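There are two complexes below, and they share subunit A, which is joined by subunit B in the first and by subunit C in the second.
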Partner chain A sequence: MIRNIFTTLQALVIPLIGMIVFIMLWSMAASNINTSLGKFPGPQAVLTQFSALYTEHKAERVKEKAFIQRQVERNAKRVAADPDYVPKMRAYTGKETFLDQIITSLVTVSCGFLLAALIAVPLGISIGLSKTLNTAFNPIIQIFKPVSPLAWLPLVTMVVSALYATPDPVVPKSFLNSMITVTLCCLWPMVINTSVGVASINIDLVNVSRVLRLPALKHVQKIVLPASIPMIFTGMRLSLGIAWMVLIAAEMLAQNPGLGKFVWDEFQNGSSDSLSRILAAVFVIGFIGFLLDQGMRQIQRLLSWDKSTASR
Partner chain B sequence: MSYARMRECTINRAYHLLIGLMLIAVSVISQTVYAEELGYPEKEELKFGFIKLTDMAPIAIAYENGYFEDEGLYVTIEAQANWKVLLDGVIDGQLDGAHMLAGQPLAATIGFGTKAHIITPFSMDLNGNGITVSNDIWQQMKEYIPKMEDGRPVHPIKADALKPVVEKYKENGKPFNMGMVFPVSTHNYELRYWLAAGGIHPGYYAPLKGDISGQIDADALLSVTPPPQMPATLEAGTIYGYCVGEPWNQQAVFKGIGVPVITDYEIWKNNPEKVFGITAEFAEKYPNTTVRLTRALIRAAMWLDENDNANRPAAVKILSQSNYVGADYDVIANSMTGTFEYEKGDKREVPDFNVFFRYNATYPYYSDAIWYLSQMRRWGQIAADKSDDWYKETAAEVYRPDIYTTAAKSLIAEGLAKAEDFPDFATESGFKPPQPEFIDGITFDGSKPNEYLEKFPIGLKQGDEV
Partner chain C sequence: MNEILNISGVVMDFPTPKGPFTALNNINLKIAEGEFVSLIGHSGCGKSTVLNIVAGLHQATNGGVILNGKEVSEPGPERAVVFQNHSLLPWLTAYQNVELAVKQVFKNTKSKVEMQAWIKHNLNLVHMDHAMHKKPDELSGGMKQRVGIARALAMQPEILLMDEPFGALDALTRAHMQDTLMEIQNELRNTVIMITHDVDEAVLLSDRIVMMTNGPAATIGEILEINLARPRDRIALAEDTTYTKLRAAVLSFLYEKQRKIEPIAEHAKKKSEMKASNSAAA
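Take a look at the complex of A and B:
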């Protein structure tokens, strides 16, 4: 009993002490670092910026309402003067707030990740099932795996702008650029883990399938998939982590909307608040990365029979 | 045919005639009304690019004050990473228009750098740049600068004071590096003008030989750095000085990393600076949109200079938002509200440091274009001689006062602007009278560019090739 209480205390108190020590060290270090933009921001400055960013967000929403209102009036006036005109509502043209940029980044990373999963899982399964395919693809995978997103980005940008040349695009080019870069970078861990998982299925299970004479598709559905799910999810968790890191870098470099652009813009602004705003963004980026990882872990726990891989 | 029938027929005919005449009259009237009243914009959703500099203000103000919306334009404004990205964005259509360096549309049209026909219906401002040197260089320069009675240096500071410093570096075999923002930027030409006026050779370009670094025969080596990164690059010691627009000179003073030595106002009084650039294709395809966006920009410029800069503090507040220039209010306000801080604490009045509308600042003068072309020739970006007519034709291809005139006239007709604030459109030739107010005292006459080029001690002259 006492021991139980002790362990819960340990689980709660020790991280708390860690946090407090970190914050103390941070604020002490911060007040000793002088940059050309003033002192390095301490916890207090970052907290202030969080509330400032939220206030800006609310102010922008008010402006958006006014914008929509004006647009409705202007459309009505024009229709009265020019009955042939088909009124059209346009999205708000003002700036993206911090919250908007978080959402943009999240949407981009999910789309890129899903696209990668759609390609990687079937590819991984086929590679895992066939030795020939494995030998054929392995060198390519090994070469592409360590490529930095920044190397892909110029290629992706050029190809997208060449192929995606519609006058009225459904999704903006910048979104496609970041999404495809994310896909290219987080494809490989999933392919590798899936193929390894598939290749290392217990031989007994494969034999069962043989005895039952399951057709190929049924074999994959009933034996291969369930057996390799732990490995597939390990790959996915790795990939999602990479995806998030890649996205921030891609947004920064290509000036695509999102958190990366927010950081870069603030750096360029060089105002006295810039450093604390960047630091606020750093915390948000870290926290979201943590949440994404935890989310994947929960899904992994739900779907996987092998609980030992999910607990890490 | 009976008489009655005939009569009826005549009446009928007369009646028809009358109706016909009325129809013609109506159509004539409606046509004149149509000509005066601008049509609706063909393209309503637009995206404009800018670089984080205070002289992008007309675009921000036209948006924030709703002038774009008044024209039925829904504009998104987006900061660009550097001048090259911005120009490429306009050329490939990702941007509908942008805040550009005056040299960019000209260089693009004549094919120095990326080739594309860019035009400008609107000149965005006068002056607004400065040259800053690092603290170290400033200390070395100081002994060569004459002092006033109160101990402050006499302005304008000429590059003569920098020359001994550059020579010292040269003797020691160290390159004297300086930064400017783009090969065809106003800043490049201004920095070169200032250096050359003080006897420091800024180097030639030789595009035909593939040399576009512009450092042939140079005493001071100029290279490109994006405006917002100037202070950081100076601090890092990569460059010893730079020429850039605001707020990046004042930023150096605030951060204590450099000293602005001269503003471009003192190099060439009321020099034309940024322009608003669009592709010729855009102007042709969307004529109403082009005129309307020009109207919005003219109104914004008027607002910025209204009542002796009364609106400037409000403008600075808008510019200091993170999505526009984003620097601190105080930094931007320093130059935007009519002062300029040189050495820390040495704040002097420069009421015309940023001019957005006065002195016909927004009218796209051919002579302005020709000055830039003359400097491109002077430094070898234009590799071979060109006739005076070529200069005029190129200027007319890029600078489009006709669009400006249509926009301004319609604003006057609607009572949104006063005719006396604009040049007299009936007689305006597009050439400013000869301008003598340069730091080296050389007069510029836009109608005789080749004669002008002969006057410079440093620079390519007729027949010269690098």
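Take a look at the complex of A and C:
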């Protein structure tokens, strides 16, 4: 009992000490770095910016409400004056707040990741099952795997512009650009891990399937897929981490909405608050990345029979 | 006696970088319906290869296997296999593991209710009804192998192939499993081929013991009829002279005629002789 309390205390106190030491070192170092935008922000400045960013978000929402309200009133007046008039509603055109950018980034990364998973898992399974396919695809995968998102981005932008030229787009082009770039970069770890998982299935389990004469589709569904679930999830967790990193870079470079754009805008803005706002964004980016991984781990725990790989 | 299985002229070559390696040479064996046959031999002699050829998991280079008048060309549930390390699907419970087999084999012949009853009946046979909703991770080695046997029996095979089914178990569990297997055999009279390393196990369970010579190019050395009355009791047999003689015959085949390891005394003598000649040369 006492031992138990001691270990819980240890688990709580040691990270806390680490955190305090980090904050002390940070504020000490920060006060000694002078940039052209003023002193490097310390913990206090970042904390202030967090609340400032939230206040701005709320203020922007109030403005939006007022904007909509004005439109509704104006439309009502025009309809009263001229019954044939069909009222139009325009979306609020004010700037996106920090919170909006977070949500945009999360939506983009989820869509990009899901699209990649939809391609990667079936592809990985087919590659894992067939030696011929493996030999055919392996060089391509090996070459595309290390490509930086920044190299893909111009290509993706041009291709999207060329192919997605509708006057009334369902989703903005910038969203497609970031999403496809994310997909292209996080595809490969999933393909590789899935195919390795499938190729390394215990031969006895394959023999069970052969003795039962399971048809090909049932073999994949009943034996191959469950057996390689742990490896598929390992690939997915790697991919999601890459997806999040790639997304921030892509948004920054392409000026697509999202957290990356927020960082870039603040950098260009160059006010005395900019560095602390960027640092606040850095913490948020890191924290969301951590939450994404934890979320994936929870899904893995729920779905995978192999609890030992899920706890890692 | 009704012949059910005929292995004739089976040769097995494995390709290696240095040319084909002949693992098995001219294996001929006929097995009657309801017969329990053990394959015994030193490790590496190709016992498992014989079983895999009968199962259809391997294709013989020459010769072939005929089961009930049909040539074996691919694996199938009429030749159910009990694998050495149980090979249960770890993400399914014991019940679901058997269910996978039953659903596949009886999908057109049994109704849902009949299937459920059949799965439970087979788990009952191996005394696993109390833990049928547990996953393999939660079962002991012996229990996993029981489920493996239940899965094979549930396929209602024409012949049951067992590849060292109790090899990974401790001695007490193994004895217990052997008793269960004899009990099931008393009831079902399946045709069985079992691979084993264990002389006692072979004599206790079999109607015939097929002893294989050492590889490469292993073949059948001797076949021993075990004409002990059934049901057999391991304690009574321990004092039985026929049992002791049969056991001695297998031992003599394995350790005198097909000796693989030279006795320690001889080995030591050779070594000292070599030392002596070496020092003399120096």
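Note that in this section the second predicted complex is superposed on the first by the 303 of 312 C-alpha atoms of A that agree within 3 Å, B and C clash if a C-alpha of one lies under 4 Å from a C-alpha of the other, contacts with A are read in each partner's own complex, and residues count from 1 in each chain.
The rule is short, and it goes like this: a residue touches a chain if its C-beta (ideal position, glycine included) is under 8 Å from a C-beta of that chain, and two chains touch if they have at least 3 such contacts.
What you see is a predicted model; the values in this text were computed from it and never measured.
Figure out whether A:241 sits in contact with subunit B (first) or subunit C (second), or with both, or with neither.
Neither subunit B nor subunit C is touched by A:241.
Just subunit B (first), just subunit C (second), both, or neither: which does A:43 touch?
neither
Taking the superposition as given, does A:204 touch the first partner, subunit B, the second, subunit C, both, or neither?
second
Taking the superposition on A as described, I'd like to know which of subunit B and subunit C A:270 touches: first, second, both or neither.
Only subunit B is touched by A:270; subunit C is not.
Output check: A:226 vs subunit B and subunit C. Expected answer is one of first, second, both, neither. What do you get?
In the superposition, A:226 touches subunit C alone.
Have a look at where A:255 lands relative to subunit B and subunit C in the superposition and call it first, second, both or neither.
The answer is first: A:255 touches subunit B but not subunit C.
Is A:82 touching anything from subunit B or subunit C once the two structures are fitted on A? First, second, both or neither.
first
Look at the residues of subunit A and decide whether subunit B or subunit C touches more of them.
Greater contact footprint in residues on subunit A: B.
Is there a shared patch on subunit A that both subunit B and subunit C touch, and which residues make it up?
None.
Okay, in this complex, where on subunit A does subunit B touch?
Those residues of subunit A that touch subunit B are 36-37, 70-71, 74, 78, 82, 85, 88, 90, 93, 95, 161, 173, 255, 265-266, 268-272, 274, 277.
Residue numbers of subunit C touching subunit A in their complex, please.
Going by the criterion above, the answer is residues 55-57, 74-77, 79-81, 83, 85, 87, 89-91, 100-101, 104-105, 135, 155.
In the complex, go through subunit A and note every residue touching subunit C.
Touching subunit C from subunit A are residues 202, 204-205, 207-208, 210-214, 218, 222-223, 226-227, 229, 305-306.
Report the residues of subunit B in contact with subunit A in the complex, numbered from low to high.
Residue list for subunit B touching subunit A: 40, 44-45, 52, 63, 66, 69, 72, 74-77, 79-81, 85, 92, 94, 228-229, 231-232, 235, 251, 255-257, 320-323, 325-328, 331.
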